[in-house]
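Working notes, structure below.
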């Protein structure tokens, strides 16, 4: 159904993340984080011009992604930046409680807001060695608001209990192809769904119980958002995880 | 007697320190350290061209002191340097056991090689609050060789017991207007005397017992050393502590 | 959003009685003297000062009776001008707590603030009465089973770092020409950062690669244009130590003398007065 | 005294079985691939690798069976190419110890090496099975009496850091254009530093102020000229990721395949072979 619309799931998720960012905030994304990277550029272009965009190569407020062919950690982010702030600086900043938003990934999530990016199985009976949580284990507890995104929404991703707690903490939102979860009073609750899906579909694709029955539907990407997306991300980096 | 010679006490001390430096060594001096600064430049000009000269403003191998009017911590040391290496980098380097030579000051020294740069009196009955040991408390224990210099040589400077142990450790030599002490098997021993003094004079001016009776006399500054000194230090910064 | 302010305003807004402060530069080089003088004019007291090697900045505030504690490795003018007599007297008379550090342990205590941890391990400092006399050092066993004891220094968290720079823009991006000294540590460690600059331009945007921004704008709270803001200390390429004004301060005996000395700088430190005087070209 | 060497020689001299290594760059950017390949050619085994975010560098050495331990926050190609399968398989089959860190704790463990202390306190890491499962983290009481427990990470001391740079001189001074990533940490933390450079010039002396030397010469042990030394990873302004060669590696199944892949680079990595081939302009 979604593919009949004039926008892609990547567009929707990118807009949903972009709308979570406020003007003046200091926000960070890491490696393999194309959607968050584009969502930050989108927010700065539309409603959050003074947001501060930090990243792994250390460029503060990169002015363009137009020459970025592949990576969300490439030195293009430094080449046209306003100044530099290293990855270690970013971590220290968050550790000091001064990072407003961190975008982080993960592979498994449970109803208690636990994030697993480490292993499937148990340490003694390892099934899959995952890439690792990168910054999550210190950023999710210390950033004021941690936004997690995941391009898969199924019962293996959203589970009753994660296999391994890589981290938990100041998780704020989880953005998926179907919905946005909110982390509220120690539990994941359904915050809103994207157009084209239903609460029932989300429930069916989620491995833990969802109590909410009626939630708002997010506005589809506006024409202005879509136009801006195409301008700032002509290579469609935001869709790279869906390829 | 010394002032009748064609060189000053500052020249002698500077040459004595310069001769302690070997080619290829990595050496550091701090603030208020004009003689060590000039001695490093002298060593590099004469016998230790590959010595690495580190300092507080962070200039690696400053090429000239000719525009330095006042300080041994001025940014002139950076302006014509080969690269930069901050004060914190210097400390960390020493802490890792990779700094060959550190030049340090002090106000009181005893036969056990204790250095006091902190207070005269006791903490509870403070007579004089001294400037403080600056880098000494970590550099004297960690640099491979710590060279201390002091422009006063009297019984209040070289004492039986220091009032306060700011530090001890890898003290190697103490250079004074009269002599050079060596720190050997946990004791200060007389290493050599400068021309124009005697072991008796040194004994009379020293508050702890000196056991050595015959020691070598250091060579007076050579004509080459003096010519080079005048060239690299035209403002006579090396004499600033005697003014 | 411009972070440009007047000096009076910035000092009033960010510095309170009891604030812990870090100053840029080292000894008589690039101390943020205009800001230090403004603190003195506003008589903000009970200050805690943290610096590896301080001189006139610390001594002036001590002379004005505004200092509670100094954590430093070295407090002295360089050789020619000798000890900081106001600091020394204050410590000797127990009006001021002089916490002696190695310069390195000052920096490590600030590293503790950068990393938001209560202490920092320090190698090398094992033989010193400083360990015995001071509660900001502790020697502990290595929890990872190493045989050597480990010295810890207690974290020092500055409320405000004041840094005098060559050039800044209205967003707070700052460029220090010449030696950085410990500035890279203090702006990261402090809760707030005040920049005084020889010159402020509207924006440094677009100069990346051509100029090196030393302090990113989003980390600073206020920028103030104060030409000559380090005087009578020196600033690389711009001015040398002003020995005449330094001697004038050192010859002062009473608070009254220091106040007169401060007055000499009123028009260069404060924009309001500069504009009244009409003589200052912007 | 020139520090210029051939790649074969430098790798042989400084890297031994069991060495702990750090590599420059991040993910597929500016990894010192020529040096990594030379380690693979020399089959130096039981290596311990420390990196915040590694990809091809780690995966290649894992594929060649040369890795004992990896301490990292993230080991993966970026989205398109997915997981590092050789690393993953090695860990799953318990041939490789995969010590998972937060990227930050990797950097803090290296800070411990820079400061020559056995551990580094880390704030923020309090809720994680990583603390439970791994002996390189410990949670202790604050010896200064603070109420919050303090997490410590055990120091990781690299034997060698290998850094690929844009330009170096014969004395070992090195200039990195573009993003520095964690290189500022690794060259300080390691016992020895090997620089591979796109270009070596006799001396960078006299360029201070015009160029920024990122690594001072006295801190480096060897400099080697290897144009294209990061390929198939990218290097700012010079070359993008070589997707064709990357895919070729990823399609390899056995050690024999990887050896053939390595052979493709023999002439560009090794000067001896370049000169024999006669085709390489110096």
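As written, the chains take the letters A, B, C and D, and residue 1 is the first residue of each chain.
The rule is simple: a contact is a pair of C-beta atoms (placed from the backbone, for glycine too) under 8 Å apart; a residue touches a chain by one contact, two chains touch by 3 or more.
According to UniProt, the chain labels map to these proteins: A, B = Glutaconate CoA-transferase subunit B; C, D = Glutaconate CoA-transferase subunit A.
If you're wondering where the values come from, they're calculated on a predicted model, not measured in any experiment.
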Would you kindly count the fewest steps from subunit A to subunit B, each step being a jump to a chain that touches the current one? 2
Shared touching chains for subunit B and subunit D? C
When centres are defined as mean Cα positions, the distance from subunit C to subunit D in whole Å is 38
Whole-Å separation of chain centres (CA-atom averages), subunit A against subunit D: 28
Averaging over Cα atoms per chain, report the distance between subunit A and subunit C in Å. 40
Name the residues of subunit C that each touch 2 or more other chains. 115-116, 122-124
Indicate the residues of subunit A shared as contacts by at least two other chains. 78-79, 84, 95
Chain contact topology under the given definition, line, ring, star, complete or other? other
Strictly by the criterion at the top, what is the full list of touching chain pairs? A-C, A-D, B-C, B-D, C-D
Sort out for me which residues of subunit B touch subunit D in the complex. 24, 26, 50, 52, 60, 78-85, 89, 92, 95-97
Parts of subunit B lying in touch with subunit C, wherever the complex brings them together: 30-32, 34, 56-59, 69-79, 84, 86-88, 91, 94-95, 118, 123, 126-139, 141-142, 164-169, 240-241, 243
Using the touch definition from the top, list the residues of subunit D that touch subunit C in their complex. 108, 112, 115-124, 138, 140, 142-144, 146, 148, 150, 152, 154, 212
Touching residues on subunit C, where the partner in the complex is subunit A: 1, 113-116, 173, 188, 204-205, 208-209, 213, 215-219
Write out the stretch or stretches of subunit C touching subunit B in their complex. 26-30, 52-53, 72-76, 78-80, 83-84, 87-88, 91-92, 94, 98, 100-105, 107, 122-130, 133, 178-182, 184-185, 234, 236-237, 240-241
